[in-house]
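Supplied in structure tokens, the structure appears directly below.
Think of it as A, B, C, D and E in the order they're written, each chain with its own count starting at 1.
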Amino acid sequence: MENIIKIENLNFYYGNFLALKNINMDIYKNKITAFIGPSGCGKSTLLRTLNRMNDFIENIKVEGNIYFKGQNIYSKEVDPVELRRRIGMVFQKPNPFPKTIYENIVYGLRKNGVNKKEILDEVVERTLKAVALYDEVKDKIYKSALELSGGQQQRLCIARAIAMQPEVVLMDEPTSALDPISTLKIEELLLELKKDYTIIIVTHSMQQAARISDWTAFFLNGELIEYDTTENIFENPRDKRTEDYITGRFG
Amino acid sequence: MENIIKIENLNFYYGNFLALKNINMDIYKNKITAFIGPSGCGKSTLLRTLNRMNDFIENIKVEGNIYFKGQNIYSKEVDPVELRRRIGMVFQKPNPFPKTIYENIVYGLRKNGVNKKEILDEVVERTLKAVALYDEVKDKIYKSALELSGGQQQRLCIARAIAMQPEVVLMDEPTSALDPISTLKIEELLLELKKDYTIIIVTHSMQQAARISDWTAFFLNGELIEYDTTENIFENPRDKRTEDYITGRFG
Amino acid sequence: MDITKRRKFKNRIFHVLTFLCTLFGVIILSVLLFSILSKGIKWLSLNFLTNFPSRFPKKAGIYPALLGSLWLIFLTAIISFPIGIGTALYLEEYAKESKFTDFIKLNIANLAGVPAIIYGMLGLTIFVRLLGFGRSIISGALTMSLLILPTIIISSQEALKSVPDSLKQASYALGTTKWQTITGVVLPYALPGILTGTILSISRALGEAAPLIVVGAFAYVSFIPKTPFDQFTVLPIQIFNWASMPKKEFQNVAAAGIIVLLIILLGINSIAIILRNKYQIRIKD
Amino acid sequence: RQGKLAGTIKIDGSSTVYPITQAVAEEFNKQNPNVNITVGISGTGGGFKKFVNGEIDINDASRSIKTEELAKAKANGIDFIELEVAYDGIVVVVNKDNNWAYDITTQELKKIWDKDSKVVYWSDVRPEWPKEKIKLYGPGTDSGTFDYFTSEINGEEKRIRADYTASEDDNVLVQGVAGDKYAMGFFGHSYYEENKDVLKVLKINGVEPTTENIRNGKYKPLSRPLYIYVNKKSLERPEIKSFVKFYLEKAKDLVEDVGYVPLEDKKYQEQLNKIK
Amino acid sequence: MNKIEFESKEKIKKSEEIIKKILKALGFISVLTTLGIVFSLFEETILFFKDISIKEFLTGREWTPLFQPPKFGVLPLVVGTLLIVVISSIISIPVGLGSAIYLSEYAPKKIRKILKPVLEILAGIPSIVYGYFALTAITPIIKIIFPQTSVYNALSAGIAVGIMTIPLVSSLSEDAMMSVPDSLRFGAYALGATKYEVIKDIVIPTAFPTIVASFILAISRAVGETMIVAMAAGSTPKMTLNPLESIQTMTGYIVQISMGDIPYGSIGYRTLFAVGSLLFLITFTLNLISRYVIRRHRRLY
């Protein structure tokens, strides 16, 4: 299996607080990897380390290496702006820009110098179809994105992310603010998307992890306790703590 | 059994919204009565109707009668200020005043014209002992109440309420903001207090209701579905909806 | 890659530009303080504080203006403070939501934006002429009070709003009346915030000159006001007066006056900040 | 004798006379610290308005009282004494760096200052003067100086061109002219005395506004006496009586101090006799 | 347990009623103030317009109310005010907005903590000090660059007013930008946007209405600012847009006349109130507009 991201001896500090402790793991291409663990264990922190979104927080320190397709993303040559274009991200709460649906999707493209109308039109249509939103919104793509429902907004945010044709998409609890039906739609969408993208998803729902992910990583207090195929994690956890967690004994 | 409060055909409106529908019930003296039911069913509303704390909300309407020791509390002669002195209240979140522990407890007394130091000292000691806080705080009763832990604060609030020698104490989820150990302490305290006071408690925890209350009332959508001894409610619910709720099938 | 470079370059330029904007304010402030200090500091002396104005720059002093200013802010404070807090209490604690309450709030917000000099004309018409207080301290103080009232009310309202509802409810649940709850819980909690806002407004009154010129505090005053009905002058007007004197030295006297004014303002504002930091009650959530 | 007198003296009126009165007040207060004196600067007209209403004790005036004002005083039962305190000349000044104008005629002044004047450039006054915009400064409308200048030069009180910088505060005028090479202004002689170093005064019809020329009336038409008007009722109060007496006794030195021309000794004596 | 005797509340309840009435009465003072303003301005203004037609007042191009013959066209004062507003806005709006952007988006917390109070100090300095500064520091510098500048000129006063209103723009705009949710920013960053692009495309458009409101408030403040223009802008009511010339604003006129104490009841006295009324109406309208803009914005979010 081909790894697309490799994490080596990663320590992460907020000020003096060690939020991630010596993490080592490979993320495999065209798979869905789920990060699970109780609140505060560092899932989001790790996710944001992968596309350097943590750069915006003051007083952080990163030790160790993260390789994206063999290149250390914390090396001087890597431009985080460019990195984020290639590693997209979807957040917990849908955060469409207060612009039209169309402009939301093409925002990243425009910033990267793509301004040809044909291309943009094509991308909008393709991504909206990819996130199964096309039929629902095709009549109002020039209306404000804020008028969509929460579930639609989240799918739009995914569309916006994949419009950049990233290689990896990071998702931080993308369905936790949504109703069950929207959640289901997005889960289906993820299974569809993994053909083209590598997906890392943070989730609080064991069921969701079990349903959609190929690999699952269980974190506790900033440590990576266990990382294995989803099947193994849920059926054959090697660590007592993993077992306790997935059977709902704590958290 | 002696009833201390009698509720007759009570309807309660927030504006046009009918929040309580034709409630009829008796509250018995020196018992603990628990109000249970899913979020939004009207438990807090009913509780606040009993000491007219709802008066502070605009646009409400009360229909029907509530008798406190035989007197209709919504009649013109009843002074709500006096009523509240006799029917005390403890809130979900501990809300000590930003004053000393001492001044917190005697606040109500002072405002009601009791200023003799001997009386106040005696009350402070007695109530702190009653809420089992005396040993923990006796060295700092002239320190700010804000320095106490959440559980201690809540016990202080109970002490503050009983310092007024109310006849009934209303409690709206008094332990929901507290850790299990503090919760346990307060539950013990309530069992102790019911010798002297009548207690009505709103709780989301079925276990808590079962552990401490003598009577339990189950509400749903503003209706009183079932009201019976706690034993009957939990072991022999007559209504299907009560059964569903206490077995955790919804809510 | 070229485009990314350009984008990052733009960002850097913008960063520098906005930083320069911020720096501009800082630089101006330093230049202003420096130019005033360098002109005025040599003229500061005890005599300057205790002398009367004079036609000789060397003998000129700020005493009557200083006392006039103190009188003025003292009176302004005792007039505006109770009215401001009372109004805020009424609006936050008593008034029901209604068109009328909305109107009062809108009205206060609008008053906050009325130029100071308009208040001067109000003072001239109502206090100086209609009520016949003449060009006295009390006329000035009443005018200033009206001028700063909206700010006091608005900041007091903010402070009152910050009082947690749970505290009020707790108080009511102990059988207290509204006013008892206000004095027992609401005011003690909100007071630091109220005081901070009030003191800052008072310091504004201290620096204002325009309304007082209209009210008529512009004159040579050779004495210390003893009652609120005396004529007076204040620091900013005295400074204004000196600044427009033709003798070059008077420019420096004016600068010395400005230093005194700024020191007083600084003192008052520090009191506000200390109050805010020291007495701010923090309720754990 | 220090501190015996107490009370208040309210003075208002002419900004031209103000420096004299302020100086007198300053000196007087040294000996009588308990007398509260306020000196306003409302201009002669503004001061008379208050004076005839009995609102003030003394009015500084740079012209004598007008008939309307007199009538008002009569109607209000205000009795007063007019006292001459000094001579003043209205000076016409230009910037120190002005190296073309040294004297000017009354006709030229009228040409410059009259209503609807066509003078825009200095060269419009005399062709040999530079073709630079002339910037004009003069006192505000509420002043005796303004009244006097407009009536003497333009032939009608308050008749003047509209586009000059007018200020009630003569210091503003001094600064204006001092700061501008192409400026011209007019105001009381004293302000020139105090700012000789930054201003240059023009001869009028060939006569320089020297102390001598002002006193003997050669400096025409812009020299005039200055007055204070004292309410007779107020004069009964010891502090005011004493103040006015002090005023006339000390005037000679103080008037010179602040840049005006004192009266002859004999004349001061005459004034003193009026308040006996 | 001894039964405690409580006092009756009868007496207290009576005083409660009185207190409530007193507080309500205090609430009326603000209304009275407004009425007072309207009354004191408009009474004399109406008398003024009995003698002078509104048309002459609003369209006349000469303002010489106290000369012979008097002219009552307020336009020169309005133009003077406008000049000050334009000059000050050229300073306060870009610099204020720039500072706001820097403080809210770029500045590290520590630097922000230092710089923000400095800007607040700038807001607390009395206008008389700015007037002095304009006269003694800004004008001399302008004269070095443009020697033909008048001692009293619109430029110097306008710059000072602009400096004074920087904090007004910056603090309001900064608040607005700070309240733009971070999730929007991160959404854009995650698409590979630069900080500049996030500010330009996300932060400013989202906070725009409040930013605009802050501009309007700064303008309104400039319209009403008095001492700076009285000290530095001169007192020549002139229809000119040349910033190097001496001009007069509406507020400047009011102060000038107030210092001279115009006789009560004369037409000159009434011009004060006519100009005051106009000033009041202009600032009042500006304030209403800014409130409206902010309010509409609130409804959106």
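Everything below uses one rule, namely that a contact is a pair of C-beta atoms (placed from the backbone, for glycine too) under 8 Å apart; a residue touches a chain by one contact, two chains touch by 3 or more.
Since the model is a prediction, treat every value here as computed from it, not as a measurement.
Taking the definition of touch as given, a chain qualifies here only if it contacts subunit D and subunit E alike; those chains are C. The set of chains touching subunit C and also touching subunit D is given as E.
The minimal number of chain-to-chain contact steps leading from subunit B to subunit D is 2. When C-beta pairs in contact are tallied for every pair of chains, the largest tally goes to C-E. Chain centres here are Cα means. That of subunit B falls 53 Å from that of subunit E. Taking each chain's centre as the mean of its C-alpha atoms, subunit A lies 46 Å from subunit B.
Inter-chain centre distance (subunit A to subunit D, centres taken as mean C-alpha positions): 84 Å. Looking at subunit B, one finds that residues 81-82, 85, 112 touch two or more other chains.
With touch defined as above, residues shared between interfaces to two or more other chains in subunit C number as follows: 7-8, 177, 180, 216, 218, 244. Of all residues in subunit E, those touching 2 or more other chains are 9, 13, 194, 197, 259, 261, 264, listed in ascending order. According to the touch criterion at the top of this document, the contacting chain pairs are A-C, A-E, B-C, B-E, C-D, C-E, D-E. Taken in their complex, subunit A has these residues touching subunit C: 79, 81-82, 111-113. Contact residues on subunit D toward subunit E in their complex (touch as defined above): 12, 40-43, 45-46, 49, 115, 135, 140-143, 150, 156-160, 162-169, 172, 175-176, 178-180. In the complex of the two chains, the subunit C residues touching subunit E come out as 7-8, 10-11, 14-15, 17-22, 24-26, 28-29, 31-32, 35-36, 39, 82-83, 86-87, 89-91, 94-95, 104, 106-111, 113-122, 124-126, 129, 146, 149-150, 153, 177-180, 200, 203-204, 206-210, 213-214, 216, 218, 236, 239-240, 243-244, 251, 254-255, 258, 261-262, 265, 269.
Contact residues of subunit E toward subunit D in the complex are 62-64, 66-69, 71, 143, 150-152, 234-238, 246, 256-257, 259-264, 268. Partner subunit A is touched in their complex by these residues of subunit E: 108-109, 181, 183-194, 197, 201-202, 205-206.
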